[in-house]
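Labels A, B, C and D are assigned to the chains in the order they are written; within every chain, residues are numbered from 1.
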Amino acid sequence: MSKKLRVTVWNEYRHEKKPGKVAEVYPKGIHEAIAEDLRAQSDMEVRTATLDEPEHGLSDAVLDATDVLVWWGHMAHKEVEDTIAAKVRDRVLNKGMGLVVLHSAHMSKPFLLLMGTSGALKWREDGLKEILWVTKPGHPIVKDINDHFVLEHEEMYGEHFDIPEPDELVLLSWFAGGEVFRSGCTWKRGAGSVFYFRPGHETFPTYYDKNVRSVIANGCRWAAPQGAPNVTYWKYESILGK
Amino acid sequence: MSKKLRVTVWNEYRHEKKPGKVAEVYPKGIHEAIAEDLRAQSDMEVRTATLDEPEHGLSDAVLDATDVLVWWGHMAHKEVEDTIAAKVRDRVLNKGMGLVVLHSAHMSKPFLLLMGTSGALKWREDGLKEILWVTKPGHPIVKDINDHFVLEHEEMYGEHFDIPEPDELVLLSWFAGGEVFRSGCTWKRGAGSVFYFRPGHETFPTYYDKNVRSVIANGCRWAAPQGAPNVTYWKYESILGK
Amino acid sequence: MSKKLRVTVWNEYRHEKKPGKVAEVYPKGIHEAIAEDLRAQSDMEVRTATLDEPEHGLSDAVLDATDVLVWWGHMAHKEVEDTIAAKVRDRVLNKGMGLVVLHSAHMSKPFLLLMGTSGALKWREDGLKEILWVTKPGHPIVKDINDHFVLEHEEMYGEHFDIPEPDELVLLSWFAGGEVFRSGCTWKRGAGSVFYFRPGHETFPTYYDKNVRSVIANGCRWAAPQGAPNVTYWKYESILGK
Amino acid sequence: MSKKLRVTVWNEYRHEKKPGKVAEVYPKGIHEAIAEDLRAQSDMEVRTATLDEPEHGLSDAVLDATDVLVWWGHMAHKEVEDTIAAKVRDRVLNKGMGLVVLHSAHMSKPFLLLMGTSGALKWREDGLKEILWVTKPGHPIVKDINDHFVLEHEEMYGEHFDIPEPDELVLLSWFAGGEVFRSGCTWKRGAGSVFYFRPGHETFPTYYDKNVRSVIANGCRWAAPQGAPNVTYWKYESILGK
């Protein structure tokens, strides 16, 4: 493909505006930490959008120019307008826009609309070790990973994670406190592709990690649209000649 | 299991109240045609509920006494209250209530909430032949079917059918006009089971067909809840002793 | 179902015949430890079979009287006759016989024939803690389990586990040494059902554990055949009237 | 990707050597008809191999230089050496070589080894119409297809087709005689990708059809290896520091 992949990184961008740990770790916002690495990819064109912009930064013009949308949200899921969330869902289903859902966005409106489940899970902010194991070697999302990688300090997420059975389970997490989690999951929905990737608590420098960055960049490439499909729906005449 | 399976057959029940073909075919309503056969099963206890009853006939008391909900709707999907549709979804996810979705209920609110897709498809009311082929011999839903069965007159539904890839594809339809359709599909969602079964246009006597009745009865048994799960969600202490 | 489920527990039965740890833990053989609990189930009829019996104890008469076959093997996989392994596979595909594959039987011939992958994994005999987490609450295989259970001493199995993506992932394991594993997996193959369940190293008393026993008994029930399918294959006349 | 995709088209090449219909339709062999179109793709490098060459044309050197193997076979499946079939399977599992399986190769050794099922189906050489419907719009394999395409004359293949539930069902066939078939199916096995595509009876000019050619070329691209995985198997030391 000679055309660049157009990625929009969306962030709630609330935690980082208040003084404290999050602002220290991500002074320009989580979206900028993610976008920084994606901008360094020669095959990508990157923009960002945040909750408090008009239309949450997701106007039709922006979405028209978005191949893959990366989503980070946490405390303000409910402030996302239903119409915007539905628009994101419809772009995935009908236009094949890719959606990369990060960490606490397991409770975001677009993700829950596309999954149909509650997204519930266990969590604990203990900052202990997480080890991510590859369950699908040879999958493009883990192209640059050996068979595991380690994050020294992360929030714990534990099973049961209430999602539909993933089409593909790519990564599993081990946590020092005794839990496990399906941390890299893919689903097709309509013409589009959805990738959920677990790591990324706001108080840890996870989005500067080399392996995490590889997985996100690979996930964007994997979720690239394959061209809007050309399907006729509803009332239909038989194609058999009479 | 000595306890009977408690099935509630829900019907929009609008077509049948107007004089015409539908009222002739289903004088007591589609729900009664379906319920009649289920009542004849020795392992089932059957009730019905319809749109125009208070709470659409789906009070908490009724849902508490429902193991599997069968759903038929067509022209009045939008009149189903969002709160009732959400309640049905939550019973499936959290309590493991089974949901058997029939024919035009591919556009019903509870089904779309659980799937996350548009449910769109092709259709044509030509009343020609449909042949249903078993793609999963040995599956409990097709226990009493050989490897296909025929409906002489049915409405056509054609692909693309916008659903998540089924966990199991049990039946495929052939239509005389040249189309095919995924007609028997299963999904797990949360603790519950969802079965979509295509046949059943209101102007044809489909719900009196022996094979259709077998599939619906088998589908109810397959979708039976396995007991409400005992899962802890949200904030969680490590179970590792210190 | 009034008829009892006919379960045959197959064991390599070599480790236990030599003096040492295994013989101490399983003096009558691993098969007897497993069968003991299944015999206590009111809905099951249980027999055992072992490698060194004629036809490995799996004559046609025995297989004809077997609804579900439980398989434990480890050091002598290669001594299983190819014809017997193929017979087991064919019974699963064509007759819907259930197959419950335990622990080191991930390398057994019948399992590999049905999967088509190498079955490779990581392992370490450290005897440390394993925690099994339910990823599919409401699934019949974990009917009597809360949302996890603990085995104080087990061998470690780690990802990547080279299996086809499971139809359903029911249990995930956490190991004290840092690994994770897909420990409860289901697949449909032909008319039959296959359940792989990880725990059960020969030097630990795993098959006396209450939760392990529940999962095995539930797994046998889940894998019960649904009646041999009635499918016509090969040359076929059109069913459309002329 | 600047590097070209290295495709090897394998053909049994027996039918075409005898005078008759097949030799008329495919005078240079089915492999050359397929290769002709793939050679016209700017991103591919194509070679062919046939049964009667030494090592069936699949020496280690050839396989080392093969990213994706396309396989057509029919009457001589049994003449393929077991060691060669096993080598193909192992390249798929361990090196991520893609495998595109065409028409009657549903009974070929490499395919059956990777699937674990019998591959059985119904068939009839009636030369009537086949219509292929897209069930996964937006999938790269159907990139250049609208929502269906027609083959005026083909052999019929009908369900039940004894395969593991496909990871993705991409195309469904309708046949004029009343049957349906899962005609475009994908599976991941180990590090590799397998695509089965139904059309292509030796007496019809199917492999000159524009849409069939698109699907095969797209299928090769979809099945491209993602780099040999770097996984440690077997005995494993804990990565947790002591």
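The definition used in the following text is that a contact is a pair of C-beta atoms (placed from the backbone, for glycine too) under 8 Å apart; a residue touches a chain by one contact, two chains touch by 3 or more.
This structure is a prediction, so every number in the text was calculated from the model and none was measured.
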item	value
B-D against C-D, pair bridged by the larger set of C-beta contacts	C-D
Chain at maximum distance from chain C, centres defined as averaged CA atoms	A
Centre-to-centre distance between chain D and chain B (centres being mean Cα positions), rounded to whole Å	36
Centre distance in Å when chain C and chain D are each reduced to the mean of their C-alpha atoms	32
Sites on chain A at which at least two other chains make contact	131, 134, 136-137, 147, 158, 160, 165, 167-168, 178-179, 188, 190, 229, 231-232, 239
Of chain A, residues touching chain D in the complex	96, 131, 134, 136-140, 143, 146-148, 150, 167-168, 188, 190-192, 225-232, 239
Chain D contact footprint on chain C (complex, rising order)	89, 93-94, 113-118, 120-124, 126, 156, 158, 160, 162, 164-165, 167, 177-179, 187-190, 229, 231-240
Touch list for chain A against partner chain C, complex	131, 133-137, 147, 158-161, 165, 168-169, 172-175, 178-180, 182
